[in-house]
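First the structure, then my questions, so here it is.
Chain IDs A, B and C follow the sequence of writing; residue 1 opens each chain.
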Amino acid sequence: MRHLMSPLDFSVEELDEIMDLANDIEANPKKYAHACEGKKLATLFYEPSTRTRLSHEAAMLNLGGSVLGFSSADSSSASKGESVSDTIQMISCYADICAMRHPKEGAPMVACEHSSIPIINAGDGGHQHPTQTLTDLLTIRSMKGRLDNLVIGLCGDLKFGRTVHSLIHALVRYENVKFVLISPEELRLPSYMREDVLDKKHVPYKEVVRLEDALPELDLLYMTRVQKERFFNEEDYVRMKDFYILDKKKMALAPDDMLVLHPLPRVNEISTEVDSDPRAAYFKQAQYGVYVREALILTLLGIQVDQ
Amino acid sequence: MRHLMSPLDFSVEELDEIMDLANDIEANPKKYAHACEGKKLATLFYEPSTRTRLSHEAAMLNLGGSVLGFSSADSSSASKGESVSDTIQMISCYADICAMRHPKEGAPMVACEHSSIPIINAGDGGHQHPTQTLTDLLTIRSMKGRLDNLVIGLCGDLKFGRTVHSLIHALVRYENVKFVLISPEELRLPSYMREDVLDKKHVPYKEVVRLEDALPELDLLYMTRVQKERFFNEEDYVRMKDFYILDKKKMALAPDDMLVLHPLPRVNEISTEVDSDPRAAYFKQAQYGVYVREALILTLLGIQVDQ
Amino acid sequence: MRHLMSPLDFSVEELDEIMDLANDIEANPKKYAHACEGKKLATLFYEPSTRTRLSHEAAMLNLGGSVLGFSSADSSSASKGESVSDTIQMISCYADICAMRHPKEGAPMVACEHSSIPIINAGDGGHQHPTQTLTDLLTIRSMKGRLDNLVIGLCGDLKFGRTVHSLIHALVRYENVKFVLISPEELRLPSYMREDVLDKKHVPYKEVVRLEDALPELDLLYMTRVQKERFFNEEDYVRMKDFYILDKKKMALAPDDMLVLHPLPRVNEISTEVDSDPRAAYFKQAQYGVYVREALILTLLGIQVDQ
């Protein structure tokens, strides 16, 4: 039995298979409409996350399965002091597969050790959020046609943003990938990412402070939010916040085929005027997020649909 | 693509078709049991409303579809500052139709502008609650056999009650309808309703303070709650509250074929001793609420079931 | 129409039929996979209980039915002052069967009087929790092969534990059952249970303070939690708490075929080192809880599945 704890749990070849499957689901949804009939997904969300929960639920429903679970810890046995390992042993009696979100790093890993059903880590604190990374990879591969030979801009909070770290881990496995790291000094990519991941794998990167300076050379731009409270002082925040807001004017500097991705929800780091730009891919990302989760559920359950 | 924002979004003829469909669903539920197979309803409830949420969910399940969503804003991305227009663009990837309840007037209308799926306004603040009005119309038409030639008593809080305002808007489109407005002075129907709707359309009405005075001439009585906090002073409330409580004694004054409706939940404005009276229609209303929502979902999704 | 309010609502013969059905469901799940197609279960949880709610939902989904409801009172009409009897009349329009949990003793009974659908009491305050008792009985019958001729140890809080009281009520109906009551003086089984139930039915029992003293003679041990706040003073708690923690060392004193049950969630009254002991039946109990609820739903809905 396999789980999904980190995007690196799958080899590049296995990821290719999952993405091929996701693209086939996109092209032939009806073929998969009954693939999980009689199967149940448990969504155990110890902290709320509408988007992540609903995308898993939509995926399971698209496959003809059903869903049960909870959307916050208040309504769970956790409030009675039950351990995650006991909860998962109970849930193993109620469902065939489980998506777990937990504020505590490593909780889904603990669950794996006691589970008799596959577990999908749907986010554990600031640690991992592997289905977001699968979504990002599928979006890039589907819309750019490749995951190698890319110049990738990562913009915003590169220090704390777990989606950015996960995406770097996932992309350095492909050939000829270059990163442009766009952030204020305070929110630079941490040295353990720069040295232990990028340098070690000889992946070229540069760091810039202003989005304008990076845009002209990018194949894709991955935007994230810059939270005010991350800054050391108000002055710095006011001085710099506009550097990291993507608008029409900045989009004019970017190549015609540059994609804009964002894990969502956004607050104001992408102006809504960009939404109608054909390069804006962040809502399509939400759609790819459903397809890739369908492919993941089928893979973890070992269900094959005849061609 | 169509949405339901206000009961006036549909012409009288279109409403008739929806109600015909609802009556056919009532008579032949099995015929529709798989009509929405593979379709998903998203229930986005930014404020809790069990009755409205569950009636939509029951409707979709009766049609063989499935349901996902959230039942309060706490467990939604709204708490992360996401806009309604971003949420609906995401939800458009997850579901085929959406029922939205929002404390802010106009929020579902904003959602429409960005949605690629039909949206049902399931209540926006004190503004609209169109599926309640469809429910009321279907109940009256099914149980009285007509929507014209009626003397309609509206009782209780006519000032703030949005269901009452919506119902008036909907009923003035039918021939020979008369209203008896039963309320304390403080809670009279507002002048913008009396002058701009009733007078303008030459719909006769009278205003009375005591329910007893109105009952003998009514074809139907629509009860609503009179909340203590709406009164200017305690004294007025104590003096008048019993005027607006329907009990067995008052029912004795009413015609044998007068219907009693109530949007529910009731608190004490209808005594439970009235529940067993054959004229009490408020629980049947709940049942009609499911049928009309089934018809609405089919209509908005453009699904036709062969005869 | 029948409801389930107390485990004694069914005769011993009727319980046997339900348990036979549950065992057939266990053996032939596919036979029942569409038995409730088109049927809806409403889960009305006025207080949260993940385990109980999800086990009912899993049961209904296993039967091919669907589920709607609420998981806490906050998101229900109860917060608008609606009575339980009004709520159930509404829910009767939305669903075919209902599982209700309520903090107030007797609430599900009130609901029964106004319901046109079967109601399962899923726990009402400290009063009853009949589906837990059915689960316990099925677990014992399935794993021991009988419900008579048993020496049963009940350990922990025997004063307030409603599952223990319910189980005693249910087991005294079988032949040659003996109880060993294992608890601190403060948490003894109340006299109304000892005198009015055990003595009256001439069921032999003894009371001991230490788990070790009871273990060697037991056919099954039913563990419950001892909550610190139940003790009169800290000193007593510290002195005695270890008496009621089951660990490997204590398990060595027990017969090879003694079963350990626990209604779950546990906190620390069973050491996790016992989990791998073949006599530990508490997680299997969770599985039997699903089967017995499937059998119950079929029975209350009057659905028979051909052999």
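Here is the rule we use: a residue touches a chain if its C-beta (ideal position, glycine included) is under 8 Å from a C-beta of that chain, and two chains touch if they have at least 3 such contacts.
Protein identities per chain, from UniProt: A, B, C = Aspartate carbamoyltransferase.
For clarity, every value in this text was computed on a predicted model and none was experimentally measured.
Q: Looking at chain A with chain B, do both copies bring the same residues to the contact (over half shared) or different ones?
A: Interface between chain A and chain B is built from largely different residues.
Q: If chain A and chain C share one sequence, what is the angle of the rotation that overlays their CA atoms, in steps of 5 degrees?
A: It works out to 120 degrees.
Q: Would you mind pulling out the distance in Å between where the CA atoms of chain A average out and where those of chain B do?
A: 41
Q: Residue numbers in chain A touching 2 or more other chains?
A: 66
Q: Mind listing the chain B positions that touch chain A in their complex?
A: Residue positions touching the partner: 38, 40, 42, 66, 68-70, 74-77, 79-82, 85-87, 89-91, 93-95.
Q: Which part of chain C faces chain A closely enough to touch in the complex?
A: 33, 48-51, 54-55, 57-58, 61-62, 64, 66-67, 71-72, 264-267, 272, 283, 286-287, 289-290
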